[in-house]
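Attaching a single structure in structure tokens format; questions to follow.
Chains: A, B, C and D, in written order; residue numbering restarts at 1 for each.
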Amino acid sequence: MKMSDETSVSELRAQVDEINMQLLDLLTRRAKTVSEIGKLHTSMGVSHYDPSREAEMLTALERANKGPFSNETIKALFREIFRASLEMEETQARAKIRVQRHSPDERTVIRMPDGYEIGAGGFSVIAGSCAVENYDQIDQVGAALSARGVKIMRGMAFKPRTSPYEFQGLGEAGLQIARQVADKYNMYVVSEIMDLSQIPMMLDYVDVFWVGARNMQNSFLLKAMGKIDRPVILKNGLAATMEEFLYAAEYIVSSGNPNVMLIMRGIRTYEKWTRNTLDMGTIAVLKQECHLPVIVDISHSAGRRDIAKPMARAARALGADGLMVEVHPNPPVAMSDAKQQLTIPEFNTMMDEIVQMA
Amino acid sequence: MKMSDETSVSELRAQVDEINMQLLDLLTRRAKTVSEIGKLHTSMGVSHYDPSREAEMLTALERANKGPFSNETIKALFREIFRASLEMEETQARAKIRVQRHSPDERTVIRMPDGYEIGAGGFSVIAGSCAVENYDQIDQVGAALSARGVKIMRGMAFKPRTSPYEFQGLGEAGLQIARQVADKYNMYVVSEIMDLSQIPMMLDYVDVFWVGARNMQNSFLLKAMGKIDRPVILKNGLAATMEEFLYAAEYIVSSGNPNVMLIMRGIRTYEKWTRNTLDMGTIAVLKQECHLPVIVDISHSAGRRDIAKPMARAARALGADGLMVEVHPNPPVAMSDAKQQLTIPEFNTMMDEIVQMA
Amino acid sequence: MKMSDETSVSELRAQVDEINMQLLDLLTRRAKTVSEIGKLHTSMGVSHYDPSREAEMLTALERANKGPFSNETIKALFREIFRASLEMEETQARAKIRVQRHSPDERTVIRMPDGYEIGAGGFSVIAGSCAVENYDQIDQVGAALSARGVKIMRGMAFKPRTSPYEFQGLGEAGLQIARQVADKYNMYVVSEIMDLSQIPMMLDYVDVFWVGARNMQNSFLLKAMGKIDRPVILKNGLAATMEEFLYAAEYIVSSGNPNVMLIMRGIRTYEKWTRNTLDMGTIAVLKQECHLPVIVDISHSAGRRDIAKPMARAARALGADGLMVEVHPNPPVAMSDAKQQLTIPEFNTMMDEIVQMA
Amino acid sequence: MKMSDETSVSELRAQVDEINMQLLDLLTRRAKTVSEIGKLHTSMGVSHYDPSREAEMLTALERANKGPFSNETIKALFREIFRASLEMEETQARAKIRVQRHSPDERTVIRMPDGYEIGAGGFSVIAGSCAVENYDQIDQVGAALSARGVKIMRGMAFKPRTSPYEFQGLGEAGLQIARQVADKYNMYVVSEIMDLSQIPMMLDYVDVFWVGARNMQNSFLLKAMGKIDRPVILKNGLAATMEEFLYAAEYIVSSGNPNVMLIMRGIRTYEKWTRNTLDMGTIAVLKQECHLPVIVDISHSAGRRDIAKPMARAARALGADGLMVEVHPNPPVAMSDAKQQLTIPEFNTMMDEIVQMA
């Protein structure tokens, strides 16, 4: 690496900087002109989007292009410019992604009616059985949870299952049980919604709505969740990227409901020691990039109960706002997730561990 | 090597042969007993797989084992026996799965009102633009498709998109366009349904319902698809296993609608040359294991238009019942999937290729 | 809609057209300058991608931007421009990659001493047992293969195994057997090399060297393969991207040996119906982008023998130059890969199928 | 669920328990008989493995089998029994996996010549630049590391790279620099070995050998690492399962070198926010199942420097024995891994964070 090479790089970079500014200037002028056309179109009652006009412009550019960019590249770049103009016109108001964090202080805090908060800096435990099976089971679990200060209890009554022949949940009867137990122990019920037609019925029983992994990209349901006035927990899809996860949350928030929590259960890979692969790094990045509370699902990620303690410690160490854990009075006979639900004593041990870290 | 040694070997081998038969007898008796337990469990609604029971049995065997096999080996062998029993039960359970093929001749044939058949041994091409954008676009595509004998045209008006700010489709207005064009060219409309509340409206426009990748495990929608009297195309989820895919189809079929086609678009992996990874092997196995027609989506799998010809050839060679391909009059200005839609001339070239193989 | 409005639209559109051309001009100048920087960076041995430089430029643009485009949009557009420049540089860099195909006619043909060719347009079958176990086994297989015109026989004597306690191959004794049988039936031996120290010994027995999936990125071995004068078969790594695969081949070719064949066995995913996931699309793209012969490994991809016929047909339909299949006189007792090796009759049936396609 | 059903299950389970014991008895008798045959074979100089004998037995069993197990299942089970017998004979001595933990107290402690220990309960930081580029760079980093008590410094001189045209490391000259700096600051050098032919040369410079992700299943190299008297750090392969990772370590340990550390860098998936996906759960399970020290690579997993602090905290919270982090005086100009190497001030901040947790 010679000195002269470094000098040349500096000089060339200065040229690029100047071209950048000229490009910015041209793009700005272009945007203003397109905006004026848009206004005329609006007054003329004509759609802003005109594919044949775009095709003409692309053809002209292709003809004029002499390289070094390929025609493909030039067309791709101008398509981005066209799209940006279109978006500018159509979405100038909503241009920003609402769930994105702009400063370390920006945080969405979920406030429950009694003042309990998630996302305010504490570490919340959401817990309960995989599914409501009967009153006794939920009552035992509810007693154990409330004794440790848990405020939000799973009351799952509709179970999304791979096979139509597997246990599909108790339905509304399950919600009644959950509501009864939650009221008895002064807790809130979180329960999974599977179709937007369930909203009116579920509003009678449920304090926090849960959108599961299989519905993470069900945009009709997400938009409907944006119209209710209860908090929503959104779980990442079984193979969703983090970007897709944030956009799914954006569907809810941009539809009107800011009270969204994100729950991380990992993604599907080829590893078999755990049920899902829960990337440490994405939790850390998520806390950095998004102001919504982040909950770590230590049950569906691990898929096994023997590592609950280190999982809980790590969730806290990563800066998550809480964890979700499944608890069952007798896991081996549970109707689902037998391998991963904690016994009540195991739950208590895990809680001791968390308290110790505080 | 002495004669007596050889004699001894023969005698010992005869003993082993006898032990083998006794083992076979015991394994058979064990299998029958486990099968009875399985039936009771099924009637009790309990999972067949019970890890704590297995742990107990292994502990008992370990205690009883005096060698020469190590405890490790004994446990490994019995784990194989447990697994075989579980598989037997699962096989028996699957034997009742409606979508499973029991003989090479068993095939579901989708018959359209005019007698057009999919799954009867021919190779069907389903085609059309990614989304309905305007009448002219669909009219151009419709003319080109019908000229090549395509009977089922995409008329997508509701687009599931990652971001709420992306083009979400024209809605019912798009369905009207699709219907008009399909009627003009004597074709059928297939269109994606995104929520079960759309069924009544869509029944006015749509001949074949399409359940997309994001909804493959939306069991409420699947069950609703089981109640309509139109054929359904079901797409594999973006990271679904084949087993999950078949169970999703089973939701529809077991709810009452046998006219289901499976469309394969590959799965999400880390490979970047193609948009999705479409495993050759799973298509071959799917045709072997399931009697429903299998369509290969050469557009969303490849995510690029330059390999349409070899993809089409391979789909046919694998025994698929047809392919799905996106066609657009001017792909670079398409509002979605610009990189993968074929131009009309490219579509024609691909059709020539398929015809040549017949 | 007034006439004057239409006139205004025309005038404004003319302005946009002019701005487009100015943008094209600036983008071209920018591309050339960046390209010069790229050349200097290459000579300095520095990566072309410099995120901190990009961050600086984006910050400057953000500061200068006064709307109407939002900062988000401006940053997005410039990120596209940066990406296009980077791709252009990478495309220029790749233009020098030796294994890349520049025209449809460009093809590497592997010529064996007796004139047998792979990659010249025919469809070659490479076959044999997973491992050499004893003389009789290889002799039976050799007889069957040569009867069907197979010229290159597997003679695997060093087996890469997950566990140190699994069968590791017969070693040099296995190579002797393979050589003897190959000579008897006038075939060639292909055998896996696991460490470069084996080269001198293996040169005595082996006609074609095989670099396995676990060694695809063993650059010392790859470079050593570039120094021998025998053809090399390179298998894709178990989770390698296609780009990595091509670069691995480039290690061999750029070290001096142009006679490289690529063998595709799929990649590791979460799908369980097949052993590996073999993307149809990547085979098609590979044939398009690279002039080396491409062989499809229908045994390790499928991991099962029941779909050998459709796999073979699809390999041919995709334009591959051949396939690799495992054959064993008695698969259930094979020391490895018992589930996927074909019996000799199954092999014959598969050959009939291929011949029919020709 | 009726009481009578539960009773029946209990009774049937008792029958299964009895059959299990009879199976154990038969398997034991079979093992003893086979063992006698083995001894005769040994005295006769005949191989223990006789595939035709196995084929005969399988055919007899198949003929005798009347279900409910399929013939496939019966053959698979007996193949396991045959294999168990064979393994018993051949490996009775080495039957146990050496790297497996049998009690929570069992731990391998790596002791360096000056008494520094890894795996004894503390939290070790291994750090240094991605690659040795020049003396000044390593000297700056070495000074910073030693100031914070780091004892093991990266001195990477051979870089495994995807492309043959990327920077491949300084080679032996790089090792000399690393050795010099390590001696100056009283540290140890860890450096990656890429081929077993490098061992003699590297023994002159390197205190701890590093086997990289691309070589995790290079069994020849692993066995050679078992013959040296220096500690070895083994990194998980880029898409290795945890089971494969443990078997790779077993290759080294069973070849004679117990001083192995495992380093976790995550696996390849489709997620793009991080470079690799590092499953929290597998780290916890690894600590539970294996007595070797576990180091978390927070650089190659995250692939970005902005989450070093939460990654470090989580590694410690999961019970790992240490972490590995890349540090560079000026990351943007680093010849590799520019995005993920920490600056020296960032490294110091991360160290403060760890110290705080202790």
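The rule we apply is simple: contacts are C-beta pairs under 8 Å (C-beta built on N, C-alpha and C of every residue); 3 or more make two chains touch, one makes a residue touch a chain.
Every value quoted in this text rests on a predicted model; they were computed, and no experiment measured them.
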Where chain B and chain D overlap in contact partners, by chain label: A, C
Most remote chain, CA-based centroid, reference being chain C: A
Chain C-chain D separation of Cα centroids, rounded to whole Å: 28
Intercentroid distance (Cα basis), chain C paired with chain A, Å: 36
Chain A residues counted as touching two or more neighbouring chains: 87, 239, 243, 267-270
Sites on chain C touched by chain B in the complex: 239, 241-243, 266-267, 269-274, 277-285, 287-288, 301-304, 306-307, 310-311, 313-319, 357
List of chain B residues in touch with chain A within their complex: 45-47, 49-53, 93, 133-134, 137, 160-165, 168, 194-197, 214-215, 217-221, 223, 238-239, 243-244, 247, 250-251, 254-255, 267-268, 330, 332-335, 338
Residues of chain C touching chain A in the complex: 1, 5-6, 8-9, 12-13, 15-17, 19-24, 26-37, 40-41, 43-46, 53, 57, 60-61, 64-70, 72-74, 76-78, 80-81, 84, 87-88, 91, 268-270
